[in-house]
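Here come two complexes built around chain A, the first alongside chain B, the second alongside chain C.
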Partner chain A sequence: MERSIRLLIFLFLGLVVLLIPLLTSSNYWIYMFTLVGIYIILVASLDLLYGYTGLVSLGHGAAFGIGAYACGILQVKLGYSFLPAILGGTLFSCVFSAIIGWPMLRIKGRPYFAMGTLAMGIMVTIVIHNWDSLTGGVSLAGIPLPPTVHFLGWTLDFSSKRPYYYLVFFVVFLSIFLIHRLNRSRVGRAFKSIRENADLAEALGVNILRYKLISYVIASTMAAFAGGLYACYMGSIEPEIAGGHMSFELLVMIVVGGARTITGEVLGPLLLWFLPEFLEAAQVYRPLFYGLVLLIVIILMPSGIAGKVRSLHPRIAKWIP
Partner chain B sequence: MAEFLQYTVNGLIAGSAYGLLALAMTLIYGILSVPNFALGAIYALGAFISFYVIQWLGPGYYLFSLIPVVLLAGILGIASERIVFRPLHDAPHAAGFIGALGLYSMMEGGWSVWFGPTWRSIVSPYNEIIIMMGSVSLTLQRLILLFVCLLFALGTYFLVFRTLTGKKIRASSENKDVARLLGVATNRMTSLTFVIGYALSGIGGALVAPTALVGSSMGLTPIIKSFIVVALGGLGSVTGAIVGGLILGLGENYGAAYISSMYKDIFSFGLFLMVLLLMPQGLYKR
Partner chain C sequence: MDSLKPENRSPLLVVNKLTVSFGRLTAVSDLGFQVHSREIFGLIGPNGAGKTTVFNAITGTVPLSGGGIRFADMDITGLKPHQITARGIARSHQAATIFPETPVMEHVMTGRHCRTETTVLGAFLNSPFCRKEEIQGQGKARELLALANLEDVQEQPASNLTWAQQKRLMVATALATEPKLILLDEPVAGMNAEEIQEMLKLIATMRNQGITVFIIEHNMKVIMQICDRILVMNYGQKLTEGNPEEIARNPKVIEAYLGYKQK
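And then the complex of A and B:
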């Protein structure tokens, strides 16, 4: 029963995603939804860390930025084409997060990981800013769109907005599917045991450092892939995408949306991306707004909007994956 | 050699400011087990108050800015403990940490709306007066910074280790339940620790303001560094915070002088990773 409900919801969401470009003719909305899609990948991968493994990362933007820059540099400076560049960038971020994650995750029960990832985000922006022979300094421009693909008589020309939108949402569905597949596996149960009681998990033979590292590396790899997609879509990128504000906004999105629910992973980016846009609030008000929303949510409903709605009634919970 | 002495003095000055902030961080960490970011926003608030006091009353009244800073920071300290951290105390799973983040972002955003988002610098005649000590030269402003920081650091040290109130604070941070059983009003001690911590961090900001650029987000990097100092000194250790602050200040200045000044801020992160790898307990295990 529950399984078929979940399938129904997914089919419905898939339909919505397919229909959005047909309902609107304006490229602006397609552009906005494509960016929201990239945010959903980021927030879903952050949920793997924060929600499922219980690790607060304040450097998720760094993984995103490293992926974006590696992908951009491989294309602009080294002349690789789209596919090797995005895969190479993702691989680089994967290796980097494994190296940097090990010392930060080694000590349990202390906020070293959160503070370390925050510091790392700032360091990454400083390095990108200063290493301008490689990264272009204040911005890296001229990253090309993926080349046109001919497939079974179809032509995907990425210079128009729609094919890229479909590409991004294909990755969104894939990453959400992968994350929740992973969480129902043995590895996912290890993540859960670490979140609930790390000492007990260790006593029962779970290698907590290994599983924390696995969680961190997978989340960073996904974020880096999203970074590659972002870099190619925007054409030019700035160091700030790796910085503290970006990581902070991602964390707010997952906390407000509701950790450990697919609904939350989608709702958080949708709400917090469009709300400031609708309020037409100036850029100055954004940190104030985000901070206030975060405080209200963490004090009044710590499991986020989706978690709150789920807790109303078990029958409702069944409909909110 | 002369250069080396100069870098040492510069490092000590930077380190004394880090030490003051780290003191605030370690006291609150000891009682709450949460790295309270909001201290970074209080640091910026202190700098803004110092900016306006100098603008309105003149630079001679520079140190008078500490009075409104302490008052305001103390009120904010009690308010944030009551409104944010006490309700989150028993909440699971990093809720306190998220609360601290929200508080920081809200305050930083608030300052940027209130005071304006531009960066400004303070014109102070003390920046022009240069004092020569042998081959070492430094401005009067930085000398004041060094001395007042050390004064407050020593004062806090005395308060924590030599008075009954300090003993109560230490008891509450060691074990809240046992302290309460023995008749310590732990809630009051928590509030008091917040007041001390917030005041120290505001004072730090007010003192640094004339030697730095003042803006709403100026506190973020110092507060991260102060946490690194606390990790180096040992989480919750008061002595460790002061010693660690001086070590980071010196290390950064030597690094900037002999390796590369562009990557000055990177050294602290390298130091952090080294601490985690080599001595995760810190210098002074509490």
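And then the complex of A and C:
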């Protein structure tokens, strides 16, 4: 029953995603939704880390930035093409997060990890800013779009906006699907056990350091892939994408949307990135909007919007994955 | 019948000259004892005698200041808690130590972590091995839930359960690790007579399945009723050791619990 409901919701969402480009001819909208998709990947991967494993990362943007820059540098400076560049960049971020995550997670207690990731975000931004010869300093420009693909008589020309939109949302669905599978498995139970009661988890034989690290590496790897997609889409990237502001926004999105729910992972970016883009006239008030929304949600619905709606009735909860 | 006498059984757990200090306070000093295979071994003593600290030392949650612990002929001194669990020692805590938001069924499944092997990749692909393990795990978890009389609440988050149910859930989750030895820290504390009977039934089942039980309990009636042998601690040291009749008669034990006899 619950399984078929879930399938139904997924099919519906898939349909919506497929239809959006057909309903509008404006490239602006496609551009906006593509970026929403990239944000969803980021927030979903952060949810794995924050929502399930209970690790507060204040540097998730760093993984995104590293992935974006690694992918960009591989193409612009080293001449690789799209696929090896994005995969190489993701692999680099995967290895990097494993190396940097180990010492940060070894110390028990959450504040240390939060502080460590915060510091890392700052350091990554500074390094990108100052390593001009490699990163282009204030911005790395000239990152090409993926080459045109011919496949079974189809031609995917990424210079028009739509194919890239579909590519991004394919990755969105794949990430959410993989995270969902993981969380239902033995590995996901280990993640959740660490958040709920680390001492008991350890007493039941969960190697806490190992599973925290696995969670961190997977989340960082997914964020890095999103970074690669972002870099190729935008064509030029700035160091700020790895910074504290970005990381903070992502954390707010998952807290407001509702941790441990797919709905929350989608709602966060829609509400806090997509919506504020329309407050264009009032860009200066954006931080105020953020603060206000965060405050209201934390006071009135500590488990986020999706969490609040789910808690109304078990029957409703079934429809809010 | 001889083979059932404690002396003829092999020691499963050997604690040798165990000392645990917190700064200047010595919680356990120079404590030595053995728990034999398939027995129910009790640990009693006044509050603050260091009983729970002994459990913490065995499960690796506090560092030892001296001495050593052997389990199933292997030295487990200094191992991490999760490694000790993997070797076959499980534990249920005194206070409700649970995963509050986790549904009961999943709660017990979490206990199977160290007996399962599904990796990240296996979970991503939902491999046949992963599915097989999951189905097996659910089967085992259902057995344990039936044993602990928690079938009716298996969909509930653990925090919704009554105190006695939570205690049984802790035991069921500990049993999911497939232990050779289970440490029960005051399993019947705060329970009414009926709930106590239910817990005792659970303990009897464990023993019939060949699990060795090491139990801390303040309820003397329960201890005297179920234990084969009892260790009495006071001020972090061994006061005496023996079968329930010997313990009940021992003047030193009476003194420790009730104070000096008036002359």
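To be clear about the criterion, the second predicted complex is superposed on the first by the 317 of 321 C-alpha atoms of A that agree within 3 Å, B and C clash if a C-alpha of one lies under 4 Å from a C-alpha of the other, contacts with A are read in each partner's own complex, and residues count from 1 in each chain.
Following the convention adopted for this analysis, a residue touches a chain if its C-beta (ideal position, glycine included) is under 8 Å from a C-beta of that chain, and two chains touch if they have at least 3 such contacts.
What you see is a predicted model, and the numbers here were worked out from it, not measured in a lab.
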Chain B versus chain C as contact partner of A:L275, first or second or both or neither: neither
Partner chain in contact with A:S185 - chain B first, chain C second, else both or neither: second
Partner chain(s) touched by A:P287 [first = chain B, second = chain C, both, neither]: first
Chain B versus chain C as contact partner of A:L200, first or second or both or neither: second
Which partner, chain B or chain C, touches more chain A residues: B
Touching partner for A:L8 - first (chain B), second (chain C), both, neither: neither
Chain A residues contacted in one complex by chain B, in the other by chain C: none
Touching residues (chain side chain A, partner chain C) in the complex: 178, 181-182, 184-190, 192-193, 196-197, 199-208, 214, 218
List of chain C residues in touch with chain A within their complex: 59, 61, 80-82, 85-86, 90-91, 93, 97-102, 106, 109-116, 118-120, 122-124, 126, 130, 133-134, 137, 173-174, 176-177
Residue numbers on chain B that touch chain A, as the complex places them: 34-35, 84, 87-88, 91-95, 97-99, 101-110, 112-113, 117, 220-221, 224, 227-228, 231, 235, 262-263, 265-266, 268-269, 272-273, 276-277, 280
In the complex, chain A residues that touch chain B: 54, 56, 58, 100, 103-104, 106-107, 110-112, 114-116, 118-120, 122-123, 126-127, 130, 195, 244, 248, 251-252, 255, 284-292, 294-295, 298-299, 302
